[in-house]
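Below, each structure is written out as structure tokens.
Both complexes shown next keep chain A, but they swap its partner, so chain B is in the first and chain C is in the second.
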Partner chain A sequence: MNSTTAPEMSREIYTSNWQGYLLLLPIVALSLIFAYYPALDTFRLSLFKTATFGLNSVYVGFENFNRLLSSGVFQYSLVISLAFAVVVVATTLAISLYIGYLIHRILQGSSLYLVAAIWPYALPLAVSALLLSFLFHPTVGIVTRALETIGIAFQWRNDPVLAFMMVALATTWKLIGYNVIFIVGALATVPKSLEETARLDAVGSWRLIRRVYLPLISPTIAFLIVLNTIEALFRPFPVVDLMTNGGPGEATNLIIYKIYQDAFAYQNLGVAAAESIILFVISGILMYAQIRLSDSYAHFG
Partner chain B sequence: MTNSGTTNSTGNTTGSSSNSNSGSNSNTIDIWLAWGGYYESIYEEMLGQFESQYPDYNINYTSKGNYRETLNAVFTAAQANNEPDIAHLGSGATVSIMDSGVFEPISDIAGSQFDPSDYTGASVRPFEIEGKVRALPFGSSQIIMFYNRSLFADAGLDPESPPSSLEGLQSASQTIVDSGAAEYGITWPNAAWWPLSWMQEMGQPLTDAENGHAGEPSTLHLTSDASMQIARWYEGMAESGLYMNPGIESWSPARQAFITGDSAMHMTSVGSMAGELSAANENGIDLGTAALPTPSGGGMGHNAGTAALWARSGLSGEKREVVRNLMLFLTNPEQQAYWHKSTGYYPTNRGAIDQLESEGWYEENPAFGVAKEQLLSWEDSVATRGAAMGSSAQITRIIAEQQERMFQDGTDAETAMQTAKEEGERVLEQYDRA
Partner chain C sequence: MTTKTTTTDTDGTDEGATQARSASDFGLRDGLADISDQIGLHILLVVTLAVISAPIVLAILFSTQSASQILNIGGIGFGSEAVNNYWTVLTEYGFGRYIMTTAIVAVATAIGKVTVSLLAGLAIVYYDVPFKRGLFLLLLLTLMLPVPVRIVPLYELMIRLGWQDTLLALIVPALASPTALLVLRQKFRSIPTSLVENARLDGVGPIRFLFKVLLPMSRGMIVGLLGIAFIWGWNQYLWPLIVISSEQKQVIQVGISQLQGSVAAGRPLWGLIMAGTVLALVPPLLVMIGLHRPLLKTFNYQTQ
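== the complex of A and B ==
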């Protein structure tokens, strides 16, 4: 801890330990205050029964967890959250890959297209949700009216499947920009000669993507899968809040929204804390599995 | 002299009352009122008048957003003993506010100065729990029905006699849809407020323990005959395409459907009457107003406690008296009449209604007269006081969700209400009254 006993033979530029610790201090302090302490406190809170926003708390051990795990509403919320993640990750990657490949192929003005593709990423998720809500407004939306004239009643607010799709659409829209940046970057690292060789052998675009590009950019894809999963599990709160309020029924009552409802609408902090612990554990397991799985598939050059 | 206070929506400590002990005895009264924006100038006017009567006191008012945000701010502040002297909170949370111990019942702090019978029963009795009136009703609202008179005429219905029973509502809707006058007969947001109000009209309490007013409830009477009659009717209205379901708590889509003429009738809160009248006026709609149609065409009324003022517990001496006087002042006839005319929220004080009557307000504004008649026809009973439950917000949400199921995936009324009962009772069981 003290700098006086620094090894004599050290050839490092920085020989002072305490200066090192000093430089570490800000980030460690920030993590402790804003990440670790709240996380621990959330765990503590999850062991309490709280009715009035934490005013009257009674220690109940793991009762909140027991109740949640046997609650149909909670199980349903978990299932649709995972389904939501699958839909969002798959759609985002498929669309981003396609757009990324198109931009990669273009010889002139590709940066213009790149900017156009990543533009939605600059919008806060809440704004994309509001924009979509206006476009698809059940009575006065431009898109809804247009669909109506060709005989399609697009009443997504009342239809569980459509509502789910709309929330997924808003989230995907936002994620595509982010994904495209990485995919275009990854595609640029693939040697041009590979494509030329493949073209000479009359390999079509689809096979080229599948056999040449995908394996070579698979580390990036693996990274994006993990990242998109986190986004899909933790981010869609504003979309649900602004577009569906978790409805119709409970069709879009994603776990991240349910946590908010239990905490801030029903003042039940204990239950909400237990829910976020469960979500944390599940997403931790998912991340681990995805990284292990992609390790065995991904081709790290 | 008027202190407009700090409109601080996030922080809980607003300058002048940072210390709880000196705060509760100083000459500053902190009052947190729900709703900002348009309402602020009205609050300032009312509080300014009071301040001129008590020059030694400084009223520090803060607007904390909607009822839910105000409630969360109060509970958070209370953890640091920093709660306001008076808080304006929605009635959905009455029991948990009561159980928090942060506030003193109005019947204690005001004693003989407070006579509940000065207030309309529909607005004050819902707050009477376990023998005490807990809070002072500040605004009240009930359900009201609006109808488009020209669409009624187009459909061959008499614009002078709107339906008063659910059966009549259904047949009027059928006539409207059949005649092609409008796409739907009626619309209103999917919220538990409707079925629960109809149960009250039929004299059916929602819970045991005298609807939660005598103690902690554990049973929900959602599968009672009254509740099932309502649920089946509601299901039928949706199935036959007479009712347009805008979705859970979708207040503005429902109003839009009425304003655009997609629906010939619309039910909403009396509290939004002013907005409805001006929207109808702008869009050239010949607006008719009627009381909430009821299962039998008559009924016992439904409760109207919308929001109330709560007094901080632990106050003493002169300050306690001033806090009490301020609360009574804000709900006195003059202030309530002013509040009503400025916002459309219904007066809770009977004296205000008398005053408005003698001013000829109801002749000039017949729509408000319909609301007044409905409010005054309320009969006191276990059912019509409405349910007092610690987890009210959660239970009303469960009911709305099950109704939504009924409309969408073909769940029948029996299953929906049975599920709501089971899920709701599980929530009730988890709540412990203090």
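== the complex of A and C ==
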């Protein structure tokens, strides 16, 4: 097309249309077949009442949505999923900013510290969930027993709030790796001259953080808020499945777990599809809001 | 002058120079204040990162202990059952097979993802085809469609294709990766136009151009993308749980949950569970540590 800029223009050295499309064919075909088609089919399915996979489906319009939005269990699942996202995003960012700032300030061994901080990126959530389940096991867990010796009974499996916090902890642990990577990268772009000037003016480190670092890395923080929100909404399935099964009661019945249960345990495919659509809409709104937010913050930089 | 432009590239001599200079620039008193400041930072970092890594160390220690050693309080240390626990898990609980299956899935996914994205990147940056901006946007928008948004129809599609309970279901639907394409496009666009112009004047065909120019110029990026895709492929849980029904073809993350289920009945053999958990963690962890430089460079490209 003709709107390309000059340097890109000179890169377009091949003109054969069929070759170009042939190179694009695999990724376009894969995206259409395995991403767009099933996503659109989710919309269709959300308008049907289904008994079993592929059989006995009846068109019911928006009944699935009506029933969900007026169902107490679903409303609760929605609220705790959003609360979960808020807790995970806030905790992850606080810990990662703290670690990132320390690594940025350190002069010796920063590469080693960086690797020691970002490894949880590779942590499988199933492993995270099983390890924490074991360390905090009600009878044999080493942390639970340590807490017992100082008089704290940490029985998180029966306590809705503590169970919720444990699921959030297992999710946060993994996310720290990814967040530190981007925060350290962003801090490295803060001009050294600014830091030196602030130091010569004897600006306290807390003011330095608030006036220099945070405004300058705010686009990265906005990006991480979007990313962490999506991770917190879509990814914690293994954690819930292995640590709590949604319980106690409904305390950790996050929407991603509920979708799985409705679809594959109860075979309510239409209902599960409607839940997927609601989750999609929520994450879409959040993404859009955060992109707008990061635009307005970017002016600081 | 910046002495520390990127955190990943610092080496010993650079850091020494920084310290020496800041000491002379700010005088002895400031130098001493700097040193105590630095010691404080080291202590904070060591303590924080120790807390973050402690569960892994504990898992490794417990994976060497017998059931009774774990139940006995104060038993933090290497136990007597290391060989026994790992051998039992690998042979009796199918972890040898889980590791093989998961490795095949993760490696195939990684190579496939990068190959498909390399071809598309070549077309997007170096071909003048109509509608390519629209197509690029179409590909990027799949970022909005993670598996949970399409999970039920995707499962039905696997049944219709006859891929249910096959490794194809774990590999093929994951191959279109908008992030890999985005990163490679960015990298290709940073290759000097003079090189591209030379290729054009020499009449180099697209395949030779890909192998002789693009691949060597983006080697670090490709290694980074392979690493990221391997870690992603190895860590899958929800999709294999749904689409793989026979234990013979199951992946390791679902494997550890089944291990927990089978040995937790009756007297839980936590040493075995920890051994399985360590096996599920070590491959992606080694990839992360071994490839952290190319991985970090690849991530940095994502934000540009």
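Assume the second predicted complex is superposed on the first by the 284 of 301 C-alpha atoms of A that agree within 3 Å, B and C clash if a C-alpha of one lies under 4 Å from a C-alpha of the other, contacts with A are read in each partner's own complex, and residues count from 1 in each chain.
FYI, contacts are C-beta pairs under 8 Å (C-beta built on N, C-alpha and C of every residue); 3 or more make two chains touch, one makes a residue touch a chain.
From a predicted model like this one, the values you see are computed outputs, not experimental measurements.
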{"item": "Partner chain(s) touched by A:34 [first = chain B, second = chain C, both, neither]", "value": "second"}
{"item": "Partner chain in contact with A:150 - chain B first, chain C second, else both or neither", "value": "neither"}
{"item": "First, second, both or neither for A:264, with chain B first and chain C second", "value": "both"}
{"item": "Chain B versus chain C as contact partner of A:17, first or second or both or neither", "value": "second"}
{"item": "Which superposed partner A:67 touches (first chain B, second chain C, both, neither)", "value": "first"}
{"item": "First (chain B), second (chain C), both or neither touched by A:245", "value": "first"}
{"item": "Dominant toucher of chain A (residue count), chain B or chain C", "value": "C"}
{"item": "Contacts of A:106 with chain B and chain C, given as first, second, both or neither", "value": "second"}
{"item": "Which superposed partner A:140 touches (first chain B, second chain C, both, neither)", "value": "both"}
{"item": "Touching both chain B and chain C, residues of chain A", "value": "53-54, 140, 264"}
{"item": "Complex contacts: residues of chain B adjacent to chain A", "value": "68, 71-72, 75-76, 78-79, 93, 96-97, 99-102, 245-250, 253, 256-257, 260, 262, 390-391, 393-394, 397, 401, 404-405, 407-409, 423, 426, 430-432, 434"}
{"item": "Of all residues in chain A, those that touch chain C in their complex", "value": "1, 3, 7-8, 10-17, 19-21, 23-24, 26-28, 30-31, 33-39, 41-42, 45, 53-54, 98-99, 102-111, 113-127, 130-132, 134-135, 137, 140, 142, 145, 173, 176, 181-182, 184-186, 188, 192, 220, 223, 230, 234, 237-238, 241-242, 256, 259-260, 263-264, 269, 272-273, 276-277, 279-280, 283-284, 287"}
{"item": "Chain A residues touching chain B - in the complex, by the definition given at the top", "value": "49, 51-56, 58, 67, 71-73, 138-140, 157-160, 245, 247-250, 261, 264-268"}
{"item": "In the complex, chain C residues that touch chain A", "value": "1-8, 10-11, 15, 18-19, 38, 41-42, 44-45, 48-49, 52-53, 55-56, 58-59, 62, 70-71, 73, 76, 116-117, 119-120, 122-133, 135, 138-139, 142, 144-157, 159, 172-173, 175-176, 181, 188-189, 193, 196-197, 199-200, 206, 231, 234-235, 237-238, 241-242, 253-254, 256-257, 260, 268, 270, 273-274, 277, 280-281, 284-285, 287-289, 292, 296, 299-300, 303"}
